[in-house]
Amino acid sequence: MSEQTVSHPSTLQLILRSNGFLIGAGLTALFVLAALVSFIWTPYDATQMSIADKLKTPSAAHWLGTDHFGRDMLSMIMVGARVSMAVAFVAVGVGILAGVPLGLYAASKRGGLIDEIIMRGNDLIFAFPSLLLAIMITAVFGPGAVNAIIAIGIFNIPVFARLSRGAALSLWQREYIMAAQVCGKSKALISLEHILPNITNLLIVQGTIQFSLGILAEAGLAYVGLGAQPPLPSWGRMLNDAQTLISIAPHLALVPGLTIVLTVLGLNLMGDGLRDLLDPKLRRVKS
Amino acid sequence: MTLLNVQNLNLSIGNTPILKDISFELEAGRILGIVGESGSGKSITALSVLQLLPNGTTWDGDIKFDGGDINTLSEDDFCDLRGNDISMIFQEPMTALNPVQTIGDQVSESIRIHTGKSRKEADQLARETLNRVELPESEFPLSRYPHDLSGGQRQRVMIAMAIALQPKLLIADEPTTALDVTTQAEILELLEKLVREDGLSLMLITHDLAVVAQMADDVVVMKDGEIVEQGASIDVFSKMQHPYTQQLFSASNHVPDRAPHQQDDNDIVLSVEQVSCDYKLPKTHLFSKQQYFRAVDGVSFKIHRGENVGLVGGSGCGKSTLSRAILALKSLDEGHVLINGKTFSSSGKGPDLTQRAATQIVFQDPYSSFNPRHKVRRLITEPFYTKSEELTDAQIEVAVTEALESVGLKAEDGDKYIHEFSGGQRQRIAIARALIVKPSLIVLDEAVSALDVSIRAQVLDLLAELSDRFNLSYLFISHDLSVVRSITDRVLVMERGKIVETGPTQDVFENPQHAYTQSLIRAIPKLDIEEIRAKEKMT
Amino acid sequence: MLRYISKRLVSLSASLIVASILIFIVIEIIPGDPAAFMLGINADPDAVEALREQLGLNASLASRYFTWVTGLLQGEFGISYTYRVPVSELISDRIVISLPLTFYALVLSTLIAFPAGIYAASKRNSLGDVSVMGLTQLGVAIPNFWFAMLLVLVFSINLRWFSAGGFPGWDQGFFPAMKALTLPAIALALPQASILARVMRSSLLDTLSEDYIRTARAKGLNRRQALWRHALRNALIPVLTIIGLQFSFLLAGGIIIENVFYLPGLGRLVFQGITQRDLIVVRSVVILLVFAVIAVTFLVDIAYAIADPRLREGSR
Amino acid sequence: MNFNHLTSHKMRALAASCAVAAFMVSSTAHAMNTDVTIGMQLEPPNLDPTGGAAAAIDEVVYANVFEGLTRFGPDGSVNPALAASWDISEDGTVYTFKLNDGVKFHDGSDMNADDVKFSLDRARAEDSTNAQKALFAGITSVDVVDPLTVKVTLDKPNGSFLFNMAWGDAVIVAPETADNNASNPVGTGPFTFKNWAKGDAVMLTRNADYWGEAVKLENVTFKFISDPTAAFAAMMAEDIDAFPVFPAPENLAQLGADPRFEVVVGSTEGETILAMNNKKAPLDNIKVRQAITHAIDRQAIIDGAMFGYGTPIGTHFAPHNPDYVDLTAQSAYDPEKAKALLQEAGVSDLTLTLKLPPPSYARRGGEIIAAQLREVGIDTEISNLEWAQWLEQAFRGKDFDLTIVSHTEPFDIGIYARDDYYFQYGDADFKAIMDDLKGETDPAKRSALIAAAQQKIADDAVNGYLFQLARTGVANAKLKGLWENAPTQANDMTGVYWSE
């Protein structure tokens, strides 16, 4: 039963060593920066059309070329980043704000009727083919970025509910929770004070993954015409517009496609890097 | 004839040295005990014999087995050796068996890969081996799965797997640490029988000096990766040249000196009256009647102020359930519990907050008793939640400093996080947390079982001193009877939910009345020199 | 075991009932009137009203729900507003495309993911492991409809190996039909295979660090034997649930892919149903898809109970 | 951008074996040259032209499966069909049709005057679900003179009665099979219905005992591909022989350049307009409407949205029609004038809703128009709707400021005379012109009236008249006989044949 207390390397050392995290964080930062800069400056006005020079391939004037209406692709990507990030961010926020309390509450009422109802509710939402519910929602309320947020958000709720319930269940066995109960603290207070801080790492890691899935989902919705509406540029719709022109202007499809891939890749790498970074500090060194 | 000869073994994992110049021998047919505290490197020594080392380990020196030099063997040759000539059993029986494979398959597997016997023959031999380890066919068919076996039974399956092919050497790494005292005695007896019958050599690794004294022919004492002393157990225990061995010996027998306890009969801190607790059994099918298992059955006892009471019993006897019931963490089905004369909890009604301040708890596992996210100051002031009136920051500061210093830590430790402390220091912080609200009763649930012998002695001293100073009363729950004997005034023995015997600790230990208590006392491994010398003369 | 299964059966059927109510209500509040759509721009109002009556659109909400559900139980989905044919006939034409496509993608994804996951886990932190994981990171990041577009560009338009889409029908023979489903299946399978490979690897790495693997090694099994005989079976248990979940993602993903390859599957039927306000078709197909997902979840639970003896007697 | 490295070894083997099969299958397609596969973007909801208005129904069955008394020719002229000849009474209110002899329905029953009476009475009945009920409003009675003669009496003379009888909604059906024509059409045409794989294709085969001139094709398959990319891919992969209305104008250049294909650009009856809600402030002010018409650059929209296919129009009338008057100059692109007009109208920072139906002319055109309006200071909120929602909100609910739609019915300038029509024009003078036109049979006078009507709606700037939808058809170079223009929504396969 040897018990080596390994010295805890400082977080900075860990960050430098895991290059996956660095690449991921770099890519993500690039796109967040692009989105922020787009508020104040873009090479051209993203909605400025000039039909004369449409479908130009990447050139000095237009680094990423122009689309079928002659709009500058780079500016559209930057403004599009704003939309994708916003939709994914708020959708993950909805997932966390609604999902985590549900999960914690279900865990505190372990095995009870409420726990069963919440879990059955999760199975129900998981049972719906995700895009189908999104289509139905946007068919009822009409397409638009807000409805895309609601549609994607709803699918994040069971993910976070199930994740936080699972983590909380294992924590409830821990002895410091019993110690808090001995002090007379209510289940809700214990969930807030003890359980939530100890599952935030899990939530952060899952948050980045769901964020990247949110971007993919927004692109999917926009591709079938249900995401952000014109004139607001969005990556998914750029892909949809580029579809018919793929053989005569491949750059029209490649630019938004690769942007989505790089963003999602960056987020996932950062997510994995975070998981390695945050976990060892918590996990006790087993003998 | 020396079966195993280890010479100048040095080993390091990554770049941290673990073993320094280890040399020892194991004679055929004898039992070698390797004893040392956690971190002494005794497990790694065993694993290096079998070459089952974690990746990234480098070692040198040579190991001879049965005359041959094994450290130059290829991995495949080693595979033939493992389980055939040398086999090993481990400490955690609950996780050591494959949950999705029957016990029959797991035992016959090692037979089939070494001897190429047909499935039927292998199963036949597996059946015989299981019978040898006292797992009869009637109750333990080959088709049974590990998950519904007890810890002791699983350890027997492990032993069956190990001895199925009559190996020359069996390495047992802390085989009984996770078991309760009666099961431990049975397993040790079984190992001794196998050594005698099969001429098996046994390398027994443990941190429990008493087990080594009782079992081992030769002893090796290790500390921080070095052998500090080795030789026949008689010589080692009687001479004890090395100071560390002496310190280890005295710590194992340590009895904290406690002031004689004056009992004021009518100042009763805890009164438990006819308490019973039930657990719901899983229903056989959806609409079957709900069955209950009565874990605690009509238990009554009293604890006076300043009195230390022990609660002992095998695993599954209900002592943990009783402690949860006393602390109102579990609702009672019958009877009620009074603290300082006032009803604390009774069937149906939960406790009221103000009474909560009167009771506190210290747990077994120092690593799971604290929220890693909070600083020590916040951890130990959590019980203040029970205080109705708000304390000012100054008052809290004073209370924190006083609590930390009373358990032998410094005030500025309050600003550190829990992962910066060792196991022993954490247990001190747990005690500080219990003390800070000056409770009348502290429940110590296996509070010292997870600690090494030397640290355990210090913590027991601390507890004794605090009990005297603050006139605290303890309910000391443990499966380790020697610890209970050294610190409690009175003891309760529990079996299957009932208190079967109670009385002053010395009387109960000297002449136990109830059969179960007698079997418990008998099972405790003895650690006194005269007894060993008497045994020596007999053989 | 029986107890566990009956408990799951009860809870899953409850979910199904709640799902049917949910679907019915959501679809009822979709604006737009099917009759108006059918008669087009210049239709005059009383012709539209006559058609509404004919289609029974004016009956009360509850009665329509019950007629729909009772119909469902007898496999009778009702008459499609636009096609004027029994919905069950419409669905049977399309389900022979959607389900094979989903299973084809599931098989493909599993065939790619298992070897990749096991290879990566057994060669932990080696070049092989890092490259496989790099590929799966890429696989997860690629939107499957974009990948489908590229597949069509490369394999249909340039190389002309595959037709660009469409479905010849199973009566044309098994081989041409499967060929038509190959590109869509690959496009669907890629992201799922990447996710499954990652889950397989991490689950295997967890089981490899368990104590019973050390016991197996101590019994004389070499690394490969320990992995295949002990670790793999235990690692498969969590992977089963992921495969169950993926079935629902594949069904959803199918909707977009069917559009890119113009496969007349259930996805497009729902899509057209929504645009043409053919509410009976939409309702029936959605409840069918939800039923399929719940059925698969139930199958996964049974497989779970079989694979994990701990579930045999006690309930989880 | 090649993804080979992704497919594992097994996949590459599977792909290679498919390659062999691919070549084997595609080469046989051309040996049998009496079969044709026609591509269509929208699938018909059903196959009964008298029961629904969707253009797709007529595009499959008109002239192929069903025939009316008269029919449209490729140039839009009205020719005899089931009615061999007819004579009109002096006062133009009584039409006596002489039917062809020996005409049989596909189920073998004879087609005679009773069927004509049944069809016309059915269309004009009180509870009829015929989308174009208005066409039959003028009929007071239909009488069977003898098995081959029918007398139709109108309440007042109607110059376009014969034109109306050529519509798809006026085809002749048999009483026995009328009710289930939706899924099993039985007509008198040269092709009989074979089967309909919903969502995929409709198959017709040659009618052996057709009464008229025999057709050259054996089997005709109408394949439905809604996705533009898939349509392009299908053409390139030669899965489709012809796509009469190709959905993706941007690919026409590339298809035209490929020797295997021939691009045929004709005209349609589709006037694409920017409809304005004339009753909703500030659009009720003519100056604002004129400002909007001047803010729009028609050629930019045609180039941007339709890749150059389409002819600008100044009023709601088809340019290929002899009576067309070119009024594009009156609402030419002049942003400065637009700004000035807005100032005169006292309107500043105006925001209008722009509701767009699904077709790409609307979605792409809408984005361009939104940008052009923004140039003159008018902001727009775009919302993309499906047809059902567009019908609900814009067409029937009149809940819109601007919308873009193409009216593809032939000679439909008459909609400006309807009071409750969605852009809510209802001008008394215009209605007067249309009433005169209705009663007028003399061609010269009719032309003058039509020109006046066109001038009126241009002067009132009722809507922004954008362009005439071009009929961009793509066909296999060896396939001959397809219609170039689309005087009505139809794919007449009677004259189609393989040249080699």
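Read from first to last, the chains carry the letters A, B, C and D; within each, the first residue is number 1.
Criterion: a residue touches a chain if its C-beta (ideal position, glycine included) is under 8 Å from a C-beta of that chain, and two chains touch if they have at least 3 such contacts.
This one's a predicted model, so the numbers in the text were calculated from it and none came from an experiment.
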Most distant chain from chain D, judged by the mean position of its C-alpha atoms: B
Comparison of A-C and A-D (more C-beta pairs in contact): A-C
Where chain A and chain D are represented by their mean Cα positions, the distance between them in whole Å: 45
Length of the line joining the C-alpha centres of chain A and chain C, rounded to whole Å: 22
Chain C-chain D separation of Cα centroids, rounded to whole Å: 38
Between chain D and chain B, distance of the C-alpha-averaged centres to the nearest whole Å: 87
Contacts with 2+ other chains: residues of chain D: 1, 227, 229, 236, 386, 389
Per-residue multi-chain contacts in chain A, two or more chains: 139, 243, 246-247, 250
Where chain B touches two or more other chains at once, by residue number: none
All touching chain pairs, where touch follows the definition stated at the start: A-B, A-C, A-D, B-C, C-D
Residue numbers on chain C that touch chain D, as the complex places them: 31-34, 36-44, 47, 50-51, 54, 82-85, 89-90, 93-94, 111-112, 115, 135, 139, 147, 149-152, 154-157, 159-167, 169, 175-176, 179, 182, 186, 190, 259-262, 264, 268-269, 272, 274-277
In the complex, chain A residues that touch chain D: 47-49, 51, 54, 68-70, 139, 142-144, 225, 229-231, 243-248, 250, 254
For the chain B and chain C complex, residues of the former touching the latter: 50, 52, 75-76, 79-84, 87-88, 90, 92, 95-101, 109-110, 113-114, 145, 147-148, 158, 161-162, 282-286
Partner chain C, residues of chain A touching it in the complex: 116, 120, 123-124, 126-132, 135-137, 139-140, 212, 216, 219-220, 223-224, 239, 243, 246-247, 250, 253, 257, 260-262, 264-265, 268-269, 272
Residue ranges of chain D in contact with chain A within the complex: 1, 227-229, 232, 236, 248, 250-251, 253-254, 300, 303-304, 363-364, 366-368, 370-371, 374, 382-386, 389
